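Note that chain A is present in both complexes that follow, paired respectively with chain B and with chain C.
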Partner chain A sequence: MNKNKEKLLNSRYRAEKRFQFYGKSAIFLALLFLTIFIFKIFSTGYTAFQKTWLIVPVTFDAETMYLDENPSKEDLKDADYFDLALQTMFDLDKSASEKQQNDLKRMVSYFFEREIKRELLNDPSLIGKTKDVYLTASDDLDQVFKGNYPRDLPEDQRRVTDYQLKIFDQLVEQGRVESKFNLSFFTYPDSREAELAGIASSFMGSIFSILVCLVIAFPVAVLAAIYLEEFAPKNRFTDFIEVNINNLAAVPSIIFGLLGLAVFINFFGMPRSVPLVGGLVLSLMTLPTIIIATRSSLQSVPPSIREAALAMGASEMQVVFQHLLPSAMPGIFTGTIIGLARAFGESAPLLLIGMVAFIVDIPATFTDPATALPVQIYIWADSPERAFVAKTSAATLILISLLILINLAAVLLRKRYEVKW
Partner chain B sequence: MNLVIFIFIVLLGFTSYYFGRKKAYSIQATNTRLTALPQFYGYYLAIWCAIPAFIIYSLWAIFEPSIVKLIILSDYSNQGYLDDELNLIYEKTKSLSRGQFSGEITPYLETSAEKYLNLRSIAQNSKVVLILAIIIASIVYGYKRISSNNRTREPVEKFLNAVLFTASLAAILTTIGIVFSLIFQTIDFFKVIPLFDFIFGTHWYPAKAFVRDASEPLDPSMYSDTFGAVPIFAGTFFIALIAMCVAIPIGLMSGIYLAEYASTKVRQYAKPLIEILAGIPTVVYGFFAALTVGPFLKDIGTAMGLEVSAESALAAGGVMGIMIIPFISSLSDDVITSVPQGLRDGSYAMGATKSETIKKVIFPAALPGIVGSILLGVSRAVGETMIVVMASGLAANLTFNPLESTSTITAQIVVILIGDQAFGDPKTQAAFALGMTLFLVTLSLNIFALRVVKKYREKYE
Partner chain C sequence: MDKELENNNIIENKALIECKNVDVFYANQQALFGINLNIGEKEVTSLIGPSGCGKSTFLRCINRMNDVIDICRVEGSIKISNEDIYHPDIDVVELRSRIGMVFQKPNPFPKSVYDNVAYGPKLHGRILHKDDLDEKVEKSLERAGLWSEVKDRLSEPGTSLSGGQQQRLCIARAIAIDPSIILMDEPCSALDPIATAKIEELIDELKDNFTITIVTHSMQQAARVSQRTAFFHLGKLIEVGDTEKIFRSPDHEQTEAYVTGRYG
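Presenting the complex of A and B:
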């Protein structure tokens, strides 16, 4: 009898242990996913922050540039650098056949002409002299140098030819290949060539969209929340507004994209692919988040403040705008920042309103065609080139770090200004 | 020009605030009692100055283009042009007047362009004059109204109240906007494609509807067997199911552990860490699924002798499940913590272990709330776009094999609407019909879930 009881008790304790173990492993799994996730993105992405340069001796021969003697600055600007640039690459191997010459040319980005030109414009006295110039290596060589590219594949399955590898290895031996911090990743717009592609255009597009979103969503949401919390009579209509807000907060984001397409673009005839429309769509999405945050921080202001103000003869409006709202501001700001962070990472609705185009110019106004950082990730993730995988991961890293910074700012803001009543 | 007018109105508003207040001070100086604080007089005058001008300004901006268009096109009426052709003529006129027209310039077009420029300048000038006149008139009126026996606080506050009320309409306007933008296109769609074919058809192949000469009349028979949404509904359901298979056990168990077992310290760190998963943008999840999970599953499958598509439903659904974990864990954590302590104590007093208490007492008590949180998770999974677009296929296969690729409602909307769309085409309308379905499904899930959670809260409050 006693033995049976003990057995039962033991099995119950074992069940208890098992249950705890399930709970622990669930948490462990969730955190494991997070770790793998961050690790994977980081390990594929960090190489994109380095860029490979070929250091090539350029002989600034006036004849190859078709320049007269003593050219002026204007002449230098208008000069034709293409032949000079080509000649520079061909000089790497003087015995190259025509096909090999083509290979040589493809070892650098098509910006090589521009990079040589910049060198000469900086120092016009270089004419007739030879100088080592940094040229952006092609994305494939960049990957080879970073060790991401399998060399042992047969040649016809590689994008780098044997000949290119041979010349490249010679350059490496001579110390003519260098890896430096990839500043152009932050300053260049998108490009079809992975080695020249940067996030500047999409980042600016995101900034413009978020600005529009902030300017529209913040005031409207705060005013709406004040009305609903402080002035709205309790009736069916205001109930209906409340139900609406709660539901809007859970509507899938792509539906807002359909709304933007049908209403802003088709009905109002606004242009496609512009941050203005993107920002409008995002602001409709963020509206419920800010309204809900504002209402809850208005609710948390203690009634004594309101009563004190009323007792001093303030009108309802004065109570709200001079006492409740300033006390609730930290909470409102936190909610707004969190809402904006979500809008910043949103991409689905932007795809539908055309902010998915290939943008080579950095947008300068709210109505220039643009894309957004998350959409840029989507575009790059679709590109077949190996180098774009690293670029995509790097852009992802930047997006995530920005979001973490924004959220951290929200937390700090709350800590710093939150008043415990 | 428009910007200048706008800034001008704003500046005048500020100035009139100053003058209104000044007049109030001067009334005060004569030892007359004011009925409100001096700044209310300022607000009063500023509102009088700016608001009528803004109303005229925006009405003008809305109606000017269409009136100009009407006048220009009245020259072409009775000549038997179709609406589309008239629109084309108007566009040509506009670009010619801007000097950007590259095409054959007919004398007709030239006269129209001249007329257009003329009209625009008349409109611009009369707008400036009208706005100025309105501003002067309303400032004078407002300024005269400022006196010791006229009230200013009440009208200002009434105005503010109206502004607040208008802002709160934004939420309703958004909902109305969503419903209207979906409903018109959807109705047009079902005029061509029978509802029955859409709901029960098993072939989804919208690319077939790509090419159609816009001038030819629509032939509905062309679209038979094109827009059968069953594969898409099935795919949506299937991927959401996979996601929930990952999210429910992990989310629920971690919610229970955090609420019942975890020490304050573990809770303090584990909870925000898990919630980071909810803050990661979905495009990042999509990239992760396409870059890592898809090929990983494919490698495992090949090693086991299975044929696994690199873009499998399993990859998309699994990653989506990871994304939904924090929604379920936080919500069920909240729900479990709000179960009254008395229930726990009663169970412990009867000699139950902690896990028995959780399973037999707390879980049943918290069940409605947990169901609500799961439903919200399902609604997320159904509405999720980027993960599916990037990690699962875009072709709509009717399959329940998790190793093959399937497509979802959201992914098909993106496939159809990405790039250029022609409105009025069944293919575009199909996307809106899918959107309508998605909206209705998620809306009912949300309403139901929110109601369940609310009911549950009321029970213990």
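Presenting the complex of A and C:
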């Protein structure tokens, strides 16, 4: 008898240990995958936060710019810098053939003449003098400098020619190549040239869309939830609505994109690719999340508070607005922020309403064409240039950091406004 | 039995609350059967009886708190000062502003002590001036025997007080709207004996100004605080009378069995 009891007890302890082991392994696996993911993204992405510059001596020769003597500021603005820019690169190897000159030109970014122009506009006294100017290296040389480029491939299989590599190595030896923090990644819009592409346009597009989403989804969802939870009669019809709201939360996001396309663009004739429509579609997607969060936080207010207020002679609306809502607010905020975070990371519905376009201007209003950060990641992931691989990971890193920040804000808000009973 | 009941019931012109043939149904289940009970002005009436006998249901009929429950239906007539409170013309919000209620579990609002007490007067727009409100809060807390304990903590949340203090805060909140009636639904069941004693003392003082009806599980409490006692069993009012009589020489055998602890 006693032995049996001991056996039973031991097997119970073993079962408990086993269960704990399963739980710990599950957590370990989840953490492992997360670490691998973050590490992979970070190791490919961090190089995009650095930008490679070639430091090239530019001789600001008035003749090459077709300038008269003593040019005015206007003249400098209108001057033709193209030949000067070309000459600057050709000067790197005076004995270069025509084909090699073309290679030289391609060692720097496509718009490098602008960088020369900016230098001169900053200091017009440079005319006739020579100065070292920082020029953005081409995206391929950028990758070479960061060690991401397969130099060992036969020449006909890579975009960088042997000649370019030779000149580049010379420049490196002379200390004329420098890597600096890539501010333009944050301040430039998207570009076909990887070395010039930035997240500014897509980031602003995301911000505008999320603002529209918040302004529409939050009040509508909270009012709907309050009505359903506190005032609506319980009958078949409200049951039906409730089931549908719960289902709506599980609808794949691309369906909302189709809906937005059909309703907002085709039926109401709103413009394509604009944050206004993007925000509307995202708000449809966020509505059920906020409604469900609001209802459950209203439900979690102890009934004794409701009774106390009613017994004091408060009307039903006063009970809701003076007691239930303030107590439910932290939960409602958390639900809203989590819904917005989901909308912020959403790309599928935006693809369908045309927010996948190539946008070179930073949107300034709700009706300027724009993309969103996750869509930008999708566009870059589709681009063949090596530098875009790093950009994709870097943009992903930024998106993830923003989402972590948003979720952190949700946790802090909840902690801050939590009501203790 | 009905005749006895009539006799033991308070003479009608002394009664503040008159209940006649009150039936309560939850969906199809009847919870109260033809309750005839008069509650006298400025005295304490306690409702006793085993769990589920309908005493709380009856209490909640008096300020129409049962209205909130969709499936609940009340029949019969309840009059307060000769006014039928279930008449369609009666505004339930106004009715509740004349009746204070204290619940089983202390339920102060998650606001400051001051705001808890000031809530009712502000809600009903009775006091507009800040100084008057301060005075009202102080007076209500004083009457609830809490002022000396909380006068330095008025801005702290009401939920940070001890259980007994919270319950007295709820009483202060209830009397701040100057009700004529205070309903108490087992106000001491969540409290320790010392806090209970304080509440009982308080009830004794309050009866000079308020009509108090208290539901209690403790027969000692009923005996200590109330002038009249009503015994409920299985949804029926078995016996009502002076507390002393109910506990010393009840007319009904069931009452005797319950008060002497033979069942319940």
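The rule is simple: the second predicted complex is superposed on the first by the 389 of 421 C-alpha atoms of A that agree within 3 Å, B and C clash if a C-alpha of one lies under 4 Å from a C-alpha of the other, contacts with A are read in each partner's own complex, and residues count from 1 in each chain.
Everything below uses one rule, namely that a contact is a pair of C-beta atoms (placed from the backbone, for glycine too) under 8 Å apart; a residue touches a chain by one contact, two chains touch by 3 or more.
Given the structure is predicted, the values throughout are model-derived calculations rather than measurements.
Asks: Just checking: does A:127 make contact with chain B only, chain C only, both, or neither of them? Give me first, second, both or neither.
Replies: In the superposition, A:127 touches no partner, neither chain B nor chain C.
Asks: Once the shared chain is lined up, is A:329 touching chain B (first), chain C (second), both, or neither of them?
Replies: neither
Asks: See if chain A has more residues touched by chain B or by chain C, and give me that chain.
Replies: Greater contact footprint in residues on chain A: B.
Asks: May I ask you to decide whether A:389 touches chain B, chain C, both, or neither, giving the answer as first, second, both or neither?
Replies: A:389 contacts chain B only, not chain C.
Asks: For A:172, using the defined touch cut-off, is the partner it touches chain B, chain C, both, or neither? Pick first, second, both or neither.
Replies: Neither partner.
Asks: Which partner does A:96 reach: the first (chain B), the second (chain C), both, or neither?
Replies: neither
Asks: Return first, second, both or neither, reflecting whether A:313 touches chain B, chain C, both chains, or no partner chain.
Replies: second
Asks: Is A:419 touching the first partner chain B, the second partner chain C, both, or neither of them?
Replies: In the superposition, A:419 contacts chain C only.
Asks: Between chain B (first) and chain C (second), which, if any, makes contact with A:62: first, second, both or neither?
Replies: neither
Asks: State which residues of chain A lie in both footprints, the one left by chain B and the one left by chain C.
Replies: Chain A residues touching both partners: 315.
Asks: Can you tell me which positions in chain A touch chain B when the two form their complex?
Replies: Checking each residue of chain A against chain B gives 12-13, 15-16, 18-20, 22-27, 29-31, 33-34, 37, 40-41, 44, 219-221, 223-224, 226-228, 231-232, 238, 240-241, 243-248, 250-259, 261-263, 266-267, 284, 287-288, 291, 315-317, 341-342, 344-348, 351-352, 354, 356, 374-375, 377-378, 381, 389, 392-393, 396, 399-400, 403, 407.
Asks: Once bound in the complex, which stretches of chain B touch chain A?
Replies: 153, 157, 160-161, 163-165, 167-172, 174-175, 177-178, 180-182, 184-185, 249-254, 256-258, 260-262, 270, 273-274, 276-277, 279-284, 286-288, 290-292, 322, 325-326, 329, 353-356, 358-359, 376, 379, 382-386, 389-390, 410, 413-414, 417-419, 421, 423, 431-432, 435, 438-439, 442-443, 446-447, 450
Asks: Could you please specify the touching residues of chain A with respect to chain C in the complex?
Replies: Of all residues in chain A, those touching chain C are 234, 302, 304-305, 307-315, 318, 323, 326-327, 419-421.
Asks: Can you list the chain C residues touching chain A in their complex?
Replies: Residues of chain C touching chain A: 63, 65, 68, 70, 93-97, 99-101, 103, 105, 107-110, 119-120, 123-124, 157, 159, 170, 173-174, 177.
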